[in-house]
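The chains carry the letters A, B and C, assigned in the order they are written, with residues numbered from 1 in each.
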C-alpha cells in the first residue's frame, strides 16, 4: 500500500459569494499518518466544504492545504493522490462494476492486463467477485458502497476522503457498514478523513474527532476526551445521546452527563465527593433496557429540565410525579462560563 | 371514484373517470376534426384527380404515384429530403455538443453570448433565410467580399452560392445547421446539467482529464437526450419548406427541391392538390422510421 | 449480511505490481511545485480556449444579423456600388429605409397580425392541452398511455400533407385569405407536442400536494386549477414560448391561405411584400428581419432557464 501521509490545513478559509460568513473559517488541522479522523458537526458547519478543499474540488479563498508536507493548492484532484467516496457513491451508472473500478486506472493509462489484475484484487478484498459484471442499478446500497470503496482503493491513494457514506443506508445496514469500514481501515492503514453529522458514528469510528460549527473548529481530540471534557457547551450538547444536561447557576453553567447521575439511595451513606440534588420526575421512557427519566432538577442551580439515564442494573423503583434525591460525583461535573460558554474550572 | 364527504352523491368534478374524459374531450375533438380527418382525406386526395380548378373527386388509383416516380424532380426531391436531413443532423449534433459544453461553463459575458447563439433559431426560418439570401447573394455577398480581400478569390469576384447546384445544396444544409444548432444545444445542455454533480466530481478525482470525462462519462450519459435533439431536429428539417422556398426556391433548376417544397409547388402554385398530396405522402414513412428508430434507441440507452 | 472485508486475504499489503514503474512515480518525476505550475498553466490555457470558442460561436451565430444591422442604414449607392466594403459606411448612413419600412410597407401590420395570431394560438393551445395533459397524467384511464403516444404520433403528420385538405376546409369555412384561418389551423401543430410536454410535466409533480388539497375539501377539478396548474408553471412557460414561436415562424399555411397584405404575418409578409418582382429592397428586408429576430431572442434568453426546466421534465423524464 502506498505510504500513508499526513494531511494538514493551515488557515484554510472559504468564502462563498452571497454568504454572510465564511463557510470555512481559518481552520488549522493536522492528521497523523494513517489516522482515522472524523469531521463532525451539524449541516452547514463547513465540514463537507473543508473536505472538498482537501480533495481539490473547491479552491480555498485563503490558506493552504498540505498533503505529505507539500502544498497542493491549485493542484487538480487527480494529482493529489487522494480517493473520495461520496454520499451517493457516485458510481458511473452506465458502466459495470468492473469498469467502475478500472476507471481510475484507465485514467492513469495503465495497460489493460495490469488494470484487470488490480481491479480484481480490489474487488476480491471487498467481496465483490461475483458482482463484477453487474451494473450499479442492480446492486443494493451496501454493495454499492463496497464498489465505491474498491474504486477508491484501486488507486492506492495516500488519503481517503469519505463524505457521509453511510447516510443512505438504513439503520441496521449502517451498523454493519460501519464495522466494515473500520476493518477496512485496519487492513489498509491509509490516512482517512471522514465527514458525518452523526455523533454516534463519529464516536464509534474516529481515532480523533474534529467538532465543527459555523465554519470553525470547536474541539479536536480522541472520542473519549471530547466526550468527557468538552471545550464548550456546543460540543457538550452535540455529543452524547441524550445530550449533557446544562444547569445555569449564577455566572456559571453546571453540566453533567445523563448517565453520571444516580439515585441517592444507591450509594447509601457513602456520599462524600458527591453533590446532592433533587429530581422531580415528570416522565419515564424505556429504551433498550435503560430508563430515561425526564424531570426538573433543583438544588444544582436554577430549576432546569434534565434527563437522567439509569442503566438496567439500577433497580431503584422510580415513579413519575415524585421527587427523588439524586447524586453526581463532583469529578463528573463540568463547568462552563455563562458568557463565553467555554469550559472553565470549578469556581467553588 | 372519489366521493365528497357530505353530499351522498359524487359531483361531476370529482368523478374521476368522467372528469378524465371531459378534460380530454376538447383536445381529442379538435385533433380528430382538424388532423385525423384531414389526414385521411389528404391521403384519399392522393388517389384522386382533385385540383383547385376542378374540385370534384374522381378516383384515379395509383396514377399520381406513378407519375411522381417517373418525374425526375420528384426523385430528386426524395433524395434531397433524406440527404439534407442526414447531413444537417450529423453536423448539428457535433456542433451542438460543443456549444452545449460551452454554455455549461462559466465565463464573462455568458448571457450576451447565449443571446447571440440563440438568434438563429428564434428567428422565423423564412427571415433567417432572408438574412442568408443577402450573405450569399451573387452580387452583394459580404462573404465574397471578404474572400476577395483575403485573396482567396479573384476576378470574377463572385461565388455563385445559390446558383450552382453543389454550392446551393451546401448552402441549404449550412443554413439549416445554423438554424438548428441553438435548439439542439439547449436540449443537450438540459441533459448535460442533469448529470449528478457527484459523478462529475468522482470523475475528476478518479483522474479523468477533459477528453476522457467527455468521452466516457458526459457523452454516454447524455446519449438519450442527444437522440431526442436529433429527433426534433430531423422532424423540423423533414417537414420544413420555408428555408428551401425562400433561399433557393428549389433551384437552381429544382436541384435543391425537397418533398415539402415540391409538394407545395405542385399543390398550391400548380393547383394540383392531388399530386401535391401524393408527393407529401412520401414524408410519412421517413418520419415514422426515424421516430421509431430514435425512440427505441433512447429506451435502450436510458440508464437507471 | 456479513462483514465482507476479506481479512483472510492476509495482509492487504499492496495491489499487484504497485511497486513497479506503472504506478505514477512520486519522488522521481515532476515535483509537487512543478505540478502546481503546470496545473496553473493548463488552467489558463483552458480559459483561453473557452473564450475563443465563445467568441467564435457568437460570431458565427450572429454574423448575418450584424450584417443586417449595418445594411439597414446604407444608402443605395453605397450598397450597390461594386467593390465597396459592405461592413462600413462608405457614404453616410441613412434612416430613409427604416422610415420606408414603417410607413411605406405593411410591416407594422404584419407585426400586429403576428402578435394577434400568436396570442390567440397560445390561448387555444393552453385551453386544449392543459386539461388533456392533466387527464393523461393523473386520472385513471385504461387506454391513457396509448392515447398519449397517439397524440405524439399526430405531431408527425406533416403540414405538407394536411394543407391539401385544409384548402378545402378553409374555403368551406369562408376563412380564405384571413388570419383567422391560421388561428384555427396552427393549434394542429402546437397541441400534440404541448400535450406531450405537459403530461410529462404533470407526472413529475408529486401527487401529495394535490391530494392534500382534496383532503382539504377541494374537488379534483379545483385541485387541478388551484394546485397542479400553478405548480406546472415552468412547463406552461415552455409551452407558451414554443407555441408562440411556432405560430410566428410558420410559413406553409400562412403562404397557402393568406394572400392580402393586410392579413399577413411577418413570416410570410416580409419575404413576399418586400421583394417586388426581382427587386430586393435589401435594406428594408434586412431591417425587418432584424427587428423581428431581436425581441424574440431577447425573450427567449430571459426564459431559457425555465424553458430548459420545462423541457427536461417533459421530454427527458416523460
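Here is the rule we use: a residue touches a chain if its C-beta (ideal position, glycine included) is under 8 Å from a C-beta of that chain, and two chains touch if they have at least 3 such contacts.
Remember, predicted model here, so these are calculated numbers, not experimental data.
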Line, ring, star, complete or other: which describes how these chains touch one another? complete
Centre-most chain [mean C-alpha coordinates]: C
Round to the nearest whole Å and give the separation of the Cα centres of chain A and chain C. 49
Chain-centre distance (mean CA atoms) for chain A and chain B, in whole Å, is 55
Please report how many Å separate the Cα centroid of chain B from that of chain C, as a whole number. 12
Could you pull out the residues of chain A that touch at least 2 other chains? 76, 108
Chain B-facing residues of chain C, complex: 46-47, 50-51, 53-55, 57-58, 60-65, 67-68, 71, 79-80, 82, 85-87, 127-129, 131-132, 134-136, 139-141, 144, 147, 151, 153-169, 184-185, 187-188, 191-192, 195, 214, 219-222, 224, 245, 248-249, 251-252, 255-256, 266-268, 270-271, 280, 282, 285-286, 288-289, 292-294, 296-298, 300-301, 304, 307-308, 311-312, 315-316
For the complex, which residues does chain B have touching chain C? 2, 4, 11, 13-14, 16-17, 19-24, 26-28, 30-31, 34-39, 41-43, 45, 52, 55, 98-99, 102, 105, 107, 109-120, 122-135, 139-140, 142, 145, 157, 178, 181-182, 186-187, 189-191, 193-194, 210, 224-225, 228, 235, 238-239, 241-242, 245-246, 259-260, 263-264, 267-268, 273, 276-277, 279-281, 283-284, 287-288, 291
Write out the stretch or stretches of chain B touching chain A in their complex. 196, 198-199, 201-209, 212, 216-217, 220-221, 303-304
Which positions of chain A touch chain B when the two form their complex? 55-57, 76-78, 82-84, 86-94, 103-104, 106-108, 135-137, 151, 155
Would you tell me which residues of chain A are touching chain C in their complex? 1-2, 70-76, 79, 81, 108, 110-111, 114, 117-118, 121-122, 124-127, 142, 146, 153-154, 156, 173, 176, 179-180, 183-184, 187-188
